[in-house]
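Lettered A, B and C in written order, each chain numbered from 1.
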Amino acid sequence: MSYVIANQLTRHYDLSDPWIIRQINRRPKNILTAVNHVSFSIEKGEAYALVGESGSGKSTIAKMVSGLLKPSAGSIHIDGHDLNGPILDGKATHNMRQRIQMVFQSPYASLNPRWKIGNIILEPIKSFRLIADEKQQHKRVAELLDQVGLSERDVSKYPHEFSGGQRQRISIARALASQPEIIICDEPTSALDVSVQAQVLNLLKDLQKEFSLTYLFISHDLAVISTMANKIGVLKDGKLVEEADSAELFANPKHEYTKMLLSAAPNIGVYVHSERKS
Amino acid sequence: MANPLLEIDQLSVSLKKRKQTLKAVDNLSLKIYSGEILGLVGESGAGKSMTGSAILGLIDPPLFISSGKIIFEGERIDQNTKNIRGSKISMIFQDPLVSLNPLRRIGDQLVETIITHFDVSKTQAFERAKSLLEEVGIDPSRINAYPHTFSGGMRQRVVIALALAPEPALIIADEPTTALDVSVQAQILDLLKKLAKERGTAIILITHDMGVIAETTDRVAVLYSGRLAEIGKTADVLKDPKHPYTKGLVASTPRIDANSLLEKLFQIPGAMPDLDNIPEGCPFHPRCDFADAQCRKEQPPLFQNRSACWLSKD
Amino acid sequence: MISFAVFTCIILAAVFANIIAPYNPFDPASLNLMNGFTPPMQANDFTGEVFLMGTDDQGRDLFSTILYGLRISLFVGVMAVALAMVLGVLLGLIAGFFGGWFDVLIMRFADIQMTFPSILVAMLIYGVAKGVLPPDLRYEMSITVLIISIGLSEWVPFARTVRGSTLVEKEKEYIIAAKMIGLNKWQIMIRHILPNVLSPVLVIATITFALAIIAEATLSFLGVGVPTTKPSLGTLIRIGQDFLFSGEWWILLFPAITLLALALSINLFGDWLRDTLNPKLK
């Protein structure tokens, strides 16, 4: 069975006017369907990408997969467990949280500006009670910083002392701190410069290999996705219009929308090609 | 070659910070010709937006133009830009949401601009406004609509129409498509290409996106730490970059390429230095695989009108 | 900076009142009615004693009384602000973070309270409290009741500001990260949101401090504040007001000037604080 199964995920938002106003103006209810019966599955160790423009529902799906938002219909199963199933045991939910972590788009809003980064990275370790001994905790934080290319000396610094790329590394270190199995990357490099983006994407790839992580990668940028994902799902207005292995998707796009996205994407590939592998 | 429309001659924009004079733009020289789209590419802090602002005289204290000249249509404009700003040179910014006055109809904003620059009646201005809207791909019957009724891409088109209203010879577009969706982005870039071709307007396209450069520009100037690293025809610079920074930048840009799916990207080690930390000699040398003693000591000039690198000397 | 100097002087004077003051005005035994109405720096007709600022109607040395009265004013001010701050920040956090009915109830209550002048609110709470307390406790608890009533009348600005900042911070991704780490709502509210919404609170606190002092003076002036045996600046002003036009001007003037200096220096200090904190925010 696939590791992450999203089945007929649906999410409605009720944007209707209050009942009284609707009666007076004789207006119908206004329901926005942000996500419309989307199903996909991710194998363990795989990197699955959801690509779409604004309003496609990709961020809403990310929130549902992470467990932060309840679907209006449909379900999410992680390793066989229903994320939104009856809560038999508060502890089970807490443990479920440990297995899924997230890296966010904004390097500025994703770290608490008043906390030292050592504490930011330590927090999940404490919350999930992964290490009890204080000395071991410090060791672990240093180890995590090292894994993302920062140094132990940075523990007592504040987020504003770091650049955007470094802050994303700290976010990644925090995500790794819970020893998760799945990381949802929500446009993690959209706010970064090209050379920094390359560093962060490479880091994510290395970490995936080293820790056998499963990624759900969300982006609007097909070029970035082409370097990160095995399988791609194309979202339009809340619906999954096409899904394929990445090689297949780029070589033989089937849906009109996918074709449009591919042709519209500004692509340095018009001039720059890699050598064909024999 | 025809005379350049705009020439930037050894321009430096500086900042005084605690007894140090820091350079945001350092000794930059560029030429741009009518009808061409010149890309100004670089990462955050490279000085590209600063250059655009300098051309329009929009540099505010504590920044100031410390040396160099900007010559437009044969006349020096860096001392006194007020008369050409908005008329012969206009600008398009990144965020269409805040570029338009939400309280005024788009027709009114267009008409006002036209009347300011040309001696025409209101009716004539109105007609011109309508044809401008048509030119940028907006239904002219929407001339009396308010900005909030348009989507992001349409709003950017309105902004472009406003920029075209004074019939400028040069448009500076600062990251005009960064805030837009991919499909809309392509449309706006196509529109810019059409304008350059049909009207002969020169466009300076400022961006950090190499893909946009590849698809839209005729020539490209690569900036690093306020200095020009490489300049040339876009096809040449991207296919065969001479400066190590350009090479690195091109190699680390993700691309849709069947032969390199899922492969790790090339990464340039380190990061662009802060303004107060720019090293001696070539600013790129700490990150450069090919740096030698001369690179560390002396700033390279532009060789063969192409690359500011000691290795390009021959 | 002059305001800071003045402010510090006044604080110090109040703190060391019992050392500086030549007399203890609260000790009824030391009072000599015959000393009453002595003008400043003039020898009393009957006893020959000289008082720096003169005496009031009961023979209390005005200088000492002002010093001791300052103590009460400052104490009430500080405690009332502390109460308002804790209550306001907490309610603002809850309203902003939990939203929904909590937000509606708290904010509407705040709106209703703000339609009344805070002095009236303070008087109302004071009256109710006094009515509720058994008569023997009324005297002892006056100061406490005063603090509670002024504190409860000033919580709204704190709550509104904190609520606004909370609404902004709540949407930021580090809060989502905290949820993903499994923290419960209270932990997120106190550990993550609170430190980021506190900066405007300090400025509001200094302004509220000045307001609280004036509130206390007003209540005492109206006779519903501190008991008359322990006069505060407000009480003295009330007393002085009666005698102003019969020639004993000093009983009104000196306390009034002190009150003015205190409130003004606090306000100026608050302004300065706001300006220095601002560039940091940029």
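Throughout what follows, contacts are C-beta pairs under 8 Å (C-beta built on N, C-alpha and C of every residue); 3 or more make two chains touch, one makes a residue touch a chain.
Everything numeric here is computed off the predicted structure, so don't read it as measured data.
Touch-path distance (fewest steps) from chain B to chain C is 2.
Across the assembly, the mean Cα position most removed from that of chain A is the one of C. With centres taken as mean Cα positions, chain C sits 58 Å from chain B. As a whole-number value, the distance joining the C-alpha centres of chain A and chain C reads 51 Å. A separation of 33 Å divides the Cα centre of chain A from that of chain B. Every residue of chain B that touches chain A in the complex is listed here, in rising order: 43-44, 181-183, 185-186, 189, 208-216, 234-235, 238-239, 248-250, 252-268, 271-272. Chain A meets chain B in the complex at residues 53-54, 163-165, 193-199, 201-202, 205, 220-224, 226-230, 246-247, 250-251, 260-277.
Those residues of chain A that touch chain C in the shared complex are 66-68, 94, 97-98, 100-102, 104-106, 109-115, 123-124, 127-128, 171, 174, 178.
The touching residues of chain C, when paired with chain A in their complex, are 172-174, 176-183, 192, 195-196.
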